[in-house]
């Protein structure tokens, strides 16, 4: 089946839902949207099963033929092992989240619009990962940005904008403003990253004369290009990736993005879109292999972001914010991996993270649903008794992200830590510390929400309904078992995942003695278990509600305020100054305008309103022109 | 028999155009102005066809065809406007409709 | 040549009747005369297709529409009464003379770029086939644009003459249409002043 069907089906779904919403009463719009994504998933699976070793390239048409300076800018799709995997994740996890949303968003008045946007997102994400050239990838890149903007600000007038009670309505208005600001923040910070991406593309075109990825990969080998140029291009691409993936320093939009509905947080801001940066770097591996400097930058950006996210997550009180900072932190791991050249490990963590983080978000969504939009973990607790099924799935997610053996996160995180150790001990120490912190704050999340006594206000929280349980169950199974796709050799495994992905992107084997590797694994497990035990001990002392680092962590290390001081405050001062100038100018211009209006009054009398006076003016004008022409004809014979 | 030269046709077209113009300016009901406008359009069409023969290019005739279509559309809309105005003002005298003055 | 003189004279007479007739019906009939003579002139210029179209569309359809509206509005009497812009008549006279003179000068200074017989031959008789071929090849885009324009004109004409639907609360004035959300507040109590 042709590749273009993959994004086309959700796009058709989007078009139908956005143009003819009245055709889809009740929940039928949600079912249609889920159906299109399921169809795409089926196509992705058939293509995956029929995939050969050679990548496939299917060109649809040439972009601006004759205008693109021989750039041969085709619009086509590129299907190798990496894009196959991404397509499977996007459509598979995407379908589960669509299914979940049919129930979760069931009472929303904008139900159909929500699914239109979700479908649009899936289509654009598929364009992004299947594109055979950077410009087409950029189309998808911007498309998912728009979808993200629309969905973060989905409740742009709050959730109770039509409530009869005035106070509730005003609170809803405030919530709407906050939601819209979060959406704008995400959009604007992404613009910074997009600028980097575009500069990277311009530079690459200048250096190699093509932006088609397979052609670029061929030309890179033979071309005589200054190393500094490649380094710079890679750094530009890194800026783009940093923006999209919420890495330092463009990270602050991602926690705010949790203003969107929870399925959106799960799909866009955990499982798929924010991993586009990792995908971009893995896709451009042939460039980063030539740019050791830029790769080091990638690794350190990742390591520092992982640390930043983990520290910020320690003392958050919003059930989704904890997960959001955790996402920032885990994305940092992926950047760390691709930065040290362990592309396969990074993409593997992307895969497992998509499973367990989507699972955690969906579990959190079930909790929020059960507690009637309560998001503060201090008013939860003991939910294990009310929601046994969701508790079990959430527990699987926590164990996976904490890196406890057998669960998927253990394998992927271990691979990253081993690669980091081989590259630089300092990176490894940071990674290990983050693993410990991760286990602690996820343990804190788990104990605060599910254990202890119930502190909420809703009398009887209800368990998630059947439609929500299905995705939770499937994701829990995947989060538990996906690690066995890539069991390392020293544990008796076959590296199946690495072998598969290795046909598309290089898998750099790191030379570490087996004894060291055992030691690293033991340390990682110790960090995970230690973190969880620490959280359990705190839980027993009932001291979990306030985590370590206090206000610094609760305010996400004050990064927002730093930006406010560095960027926003000077801009505001500048704006105020310009405002004064503007008012002065404005007054002067108003005076000029008043004085010019007086002669205008004379002319306005000509506008008598009689059609025939207008017509006669036209006639006189025409007669003068033609008369002049006739005189010239007689006089000069010209 | 000699065919009439192009200049005759163009001069006739100019005369018709001027007559139509006078009609637009002197008549005071909307319908009569409209009839005169049609006359002017026909004058222009005549010139176009004459030049088409002179240059041996069918573009002129094609343009006339398109002008005719436009005229049909214009008449449909114009008459509709006249009917709508008549309903409201009970007149087709354009001088009464001088409400757009500046 | 004889045909041109005959038809040209007829066209001029028709035009003068159109402009000068006091009765609108007479004016329309004068215009019919002009249109038919112009159709004859088209034929003499080897534009046979256009001549046919002129008769069918102009003299047939459009003029019938005119007559229909004249009858419908009972507007065949000329406007009498004070002319608010009397100077227009004089200005129109001056302008019209200048225009006619200038056009005549320009027309008689025109020189054919090639012998007339050659040009006539290139027109291929101006048959429907010849014009249609040009229309659907060189002028395809204007052709399609005009078709859209016609559609717009149809819709516009229907929308213009449609009577405004009576409002549920008895408000017939189009400006009095209330937004759904505003309705309760705007229904003023008895004796209240309507904004």
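Chains here go by letter, A, B and C, matching the order in which they are written, and residues are numbered from 1 within each.
By our rule, contacts are C-beta pairs under 8 Å (C-beta built on N, C-alpha and C of every residue); 3 or more make two chains touch, one makes a residue touch a chain.
Computed from a predicted structure; not experimentally measured.
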Arrangement of touching chains [line / ring / star / complete / other]
complete
Tell me which chain's centre, taken as the mean of its C-alpha atoms, is farthest from chain B.
A
Check A-C against B-C and say which one is joined by more contacting C-beta pairs.
B-C
Chain A and chain C have mean C-alpha positions lying a whole-number Å distance apart equal to 59
Measure off the straight-line distance from the CA centroid of chain B to the CA centroid of chain C, and report it in whole Å.
5
Please list all residues of chain C that touch 2 or more other chains.
84-85, 88, 91-92, 95-96, 99, 103, 106
What are the residues of chain B that contact at least two other chains?
21, 25, 28, 95, 98
Which residues belonging to chain A are in contact with no fewer than two other chains?
608, 610, 612, 616, 619
Over in the complex, which chain A residues touch chain C? Could you list them?
608, 610, 612-613, 616, 619-620, 622-624, 626-627, 629-630, 633-634, 637
Seen from chain C, its contact residues with chain A in the complex are 84-85, 88, 91-92, 94-96, 98-99, 101-103, 105-106, 109
Parts of chain B lying in touch with chain A, wherever the complex brings them together:
21, 24-25, 28, 33, 94-95, 97-102
Going by the contact rule set out above, which residues of chain C touch chain B in the complex?
1-5, 8, 11-12, 15-16, 18-19, 24, 27-28, 31, 34-35, 38, 41-42, 44-47, 49-50, 53-54, 57-58, 61-62, 65-66, 69-70, 72-73, 75, 78-79, 83-85, 88-89, 91-93, 95-96, 99-100, 103-104, 106-108, 110, 112-114, 116, 118-124, 126, 130-131, 134-135, 138-139, 142-143, 146, 149-150, 152-154, 156-157, 160-161
Touching residues of chain B toward chain C in the complex: what are they?
1-23, 25-29, 31-32, 34-36, 38-39, 42, 45-46, 49-50, 52-59, 61-62, 64-66, 68-77, 79-84, 86, 92-93, 95, 98
